[in-house]
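Sharing a structure below in structure tokens format, with a few things to ask.
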Amino acid sequence: MAESRYMTLNMGPQHPSTHGVLRIVLDLDGERVVAAKPVIGYLHRGIEKLAEGLTYHQILPLTDRLDYTACMNCNLGYTWAVERLLGIESEIPARAATIRIIMAELSRIGGHLIWLGSHAGDIGAVTVFIYAFREREWIYELFEDVCGQRMTVSYPRVGGVSQDLPAGWIDKCRAFCKEMPKRVDEYERLLTNNRIWQARTKNVGTLSEADVYEWGLSGPMARGSGVEYDVRRVLPYGGYENYDFLIPLGETGDTYDRYLVRMQEMRQSVRIVEQALDRLEDGPIMADIPRIAPPPKVDVGTKIEALIHHFHLVLEGFDTPKGEIYFPSEAPKGELGFYLVSDGGPKPYRMKIRVPSFSNLQSMVRMAPGRFLADMVTLVGTIDICLADVDK
Amino acid sequence: MLISLLIALAKILVVMALFLAATAWNTLFERRVVAPIQNRVGPNRAGPFGLLQPIADAVKLFFKEDIVTDRAEKFLYYLAPIISVSTALLFVAMVPFGPEVPSYLSTDNPAWNKFSMADLNVAVLFVFAVSSIAVYSVLLGGWAGNSKYSLLGGMRAGAQMISYEIAMGLSIMPVIMSASSLSLHEIVVAQHDVWNVFRLPWGPVGFVIFLMAMLAESNRAPFDMVEAEQELVGGYHTEYSSMKFGAFFVAEYGNLITISALIVTFYLGGWQGLPFVDVGIPAWLAPWLGIVWFAIKTMLLVASLVWIRWTFPRPRYDQLMGYGWKVFFPIALGNLFVAGVLIYLGQHFGIGYFG
Amino acid sequence: MPGDFLPIFFYLLLVIAIAAGGIVGLSRLIGPRKDTAEKLSPYECGVPLVGDARGKFPMKYYVIGMLFILFDIEVVFFYPWAVIFKDLNKDFGLFGLAEMVVFVLILLVGYLYVWRKGALEWE
């Protein structure tokens, strides 16, 4: 074997800070990275192909397994997409729409908390990891109260949400909203002005605006470089146009700016949740479209029509109009798009998922060369990848 | 002569036993200190307050499978943990725990009549010599395992060593100038009136530099680049298992105690108590009280180092090198000059405060 | 006095015995051993080995390593000077301090030179 000048190092798939099973093949010159090649596919489950054999309601639990750090956002992205395909967006009851916004934003905070914890932990601030997971636990408890599940929630349904908020939940959520900004302050006290943190993140992984367009980056990866692209603002959906929130932008596009952007996004998400809680009105949580929206469980046992609808929905699913749509939504990691092709039947002919992590991960090739091995974990952290999201 | 030697050896056995026990329970101490920092409970299952946890850990490690990878350089592979533990234990040999021993423990050699293993007149050099040898365990351990991750860890150890050792040496020079001795006992005695850390302006500056250099010396976070789980998966000890892996931990936690003890000795007055508390202590109790003071100070410092570890992120090692050469070295040198001038002036005008 | 070192010498023997026998040796004796080819291969993040760790490794801090030796020797010269510093002051006034300042200044010129030359930068 010819002597290579560089040492080839496998970082992953079994490595503490590749956030799952990412494998990066590094060419090292000393500790200097000459080239970094991400190798993916270790967690491929074939969700897109599986979806072709399932009815639209049955696909929902698969979407949980996309970005498992923010399952709710994946669920919602999918349900919104199917609703647009069906053309029933306007029939979603107001209460359900508001609950969805609350859940999406709580889930976004949860996703960012996992990013913060693992990113800071990778750089060595392990305590921040524990702090972030403390608040994430709180969010998961809120989810559990609503739907009985913590992580893979499968909470929304096409046509609404599966269950109404339990008694007292709103107060719990308000308490969370009141406390969360203080907790974000706490993280920032530990990191934002910390000299070591700044030394490790400033001017590391700098991406220009042109890079963002070239590599198709979205979410905080784009906004950190000053590109004002947030699907909630650019292509509002689900009622986001009615909420008042800011889109934090970075200036230099380095890891530190992306860190600041995500910290601010958590605060903005809390704002949105508070607004949504104020607007929450009593009303139905499921659209009144019997052939599509699942009937309430109580009715299934007591009313013959509901039983028949339930029977149909479970055995056959609902038909969709022939056609295709692309529906982007803003997941914590970036633009999560569902491209659905329907041939008129109860199952999608093709479902392509545009996952944010996949596109964002590509920027590794752009950011890594010339950096140190120690910076690799910073870069993996700042991209905020979830390998289940990348591999689908 | 023989009896003197026996007393000296008995003292060594006692110190070593206590130090090994302190090392073992230091692992528990760290975990119990860090738990409230992180809103956790910490280990509390094994025995009351988890006090049996270190024993459980040690037994478990001993009975773990001992894997030697087939590509390892066997001799060096075994040597590295031996060096690691040996130097950690030797490191503590010079530390003065207390003043002169009471007369019923004294021997015919004055160097053995202190609460330490031996009071050498080159103790400072001995300490730094031992600590420099400790780097070999990391270098050899990293290289012998024949894994790329441990190799990188070993290389970092070299980089780290050349980054802080000069600043470390320079930062205690004012202390030696002030005490006019390399004996740790005399350095402590010289702090009778003022602890070195309170000798403005050179005391605090030297203290901070020495503290950081000592943290880097013992590979403690935030300067644990050679280990860096998140980057190098464990660095130099990636390929070690069973108690050979545990040996590096024994060394780390032993060093944590020793560096705290050394910092206390050099800058925090060693076994000297607070002046106003010492009034009216019976003579037979005084030497033993020194040990208590020393233990309290050392424990507080260990707790602070644990606190530091769990608060700060880890700098990159080229940054550590930058700090070491461009910040600590000039500051330590300037500090040395300032201390020289002040000690000269203090001597000239009879002001003991400056040293 | 060489005799002062006697306890330390015995301690050294004891320490090596404990480290080699009590820690490394004992775990070798009582730990189970069930070797498999996979288990014995070095860690490579769960994929087959690529290359060897024994290859050439570029030491980027080579120049700093040489500087380290230079300045570490400087520190060694400080030790005897620091010990007799007060005596020097007593007997020769400012001479001791001035001598050392001159010595340090000479080295400092070299230090500033390598700094300007960028030898303290990584690569």
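Which chain is which? They are A, B and C, in the order written, and residues in each are numbered from 1.
By definition in this document, contacts are C-beta pairs under 8 Å (C-beta built on N, C-alpha and C of every residue); 3 or more make two chains touch, one makes a residue touch a chain.
Remember, it's a predicted structure, so these values are computed and weren't measured experimentally.
Visitor: Any idea which chain sits dead centre by C-alpha averages?
Guide: Chain closest to the assembly's C-alpha mean: B.
Visitor: Which chains are joined by the largest number of contacting C-beta pairs?
Guide: B-C
Visitor: Measuring centre to centre with CA averages, how many angstrom lie between chain B and chain C?
Guide: 15
Visitor: State, to the nearest whole Å, the distance from the C-alpha centre of chain A to the C-alpha centre of chain B.
Guide: One centre to the other, that is 46 Å.
Visitor: So which bits of chain A are touching at least two other chains?
Guide: 7, 9, 15, 30-31
Visitor: By the touch rule stated above, which residues of chain B touch at least two different other chains?
Guide: Within chain B, residues 148-149, 155, 233, 318 contact more than one other chain.
Visitor: Using the touch definition from the top, which residues of chain C touch two or more other chains?
Guide: Those would be 44-45, 51, 57, 59.
Visitor: Taking the touch rule as given, give the residues of chain A at its contact with chain C in the complex, in rising order.
Guide: Residue positions touching the partner: 3-4, 7-15, 23, 25, 29-32.
Visitor: Quick check: in the complex, which residue numbers of chain B touch chain A?
Guide: My answer: residues 37-40, 148-149, 152, 155-156, 221-222, 224-225, 228-233, 310-319.
Visitor: Would you pull the chain C residues touching chain B in the complex into a rising list?
Guide: Listed in rising order, the residues of chain C that touch chain B are 1, 3-8, 10-12, 14-16, 18-20, 23-24, 26-28, 30-35, 37, 39-45, 51-54, 57, 59, 61, 64-65, 67-68, 71-72, 74-75, 78-79, 82-87, 89-90, 94, 97, 100-101, 104, 108, 111, 115, 120, 122.
Visitor: Considering only the defined contacts, which chain A positions touch chain B in the complex?
Guide: Where chain A meets chain B, its residues are 7, 9, 15-17, 30-31, 120-127, 130-131, 134, 190-191, 194, 196-197, 199-200, 372-377.
Visitor: Would you mind writing out the residues of chain B in touch with chain C in their complex?
Guide: Per the stated touch rule, the residues are 5, 8-9, 11-12, 16, 61-72, 78, 81-86, 89-90, 93, 109, 111-112, 117-121, 124-126, 145-151, 155, 158-159, 162-163, 165-166, 169-170, 173-174, 176-177, 180-182, 233, 238-239, 242-244, 246-247, 250, 318, 321-322, 325-326, 329, 333, 336-337, 340-341, 343-344, 347-348.
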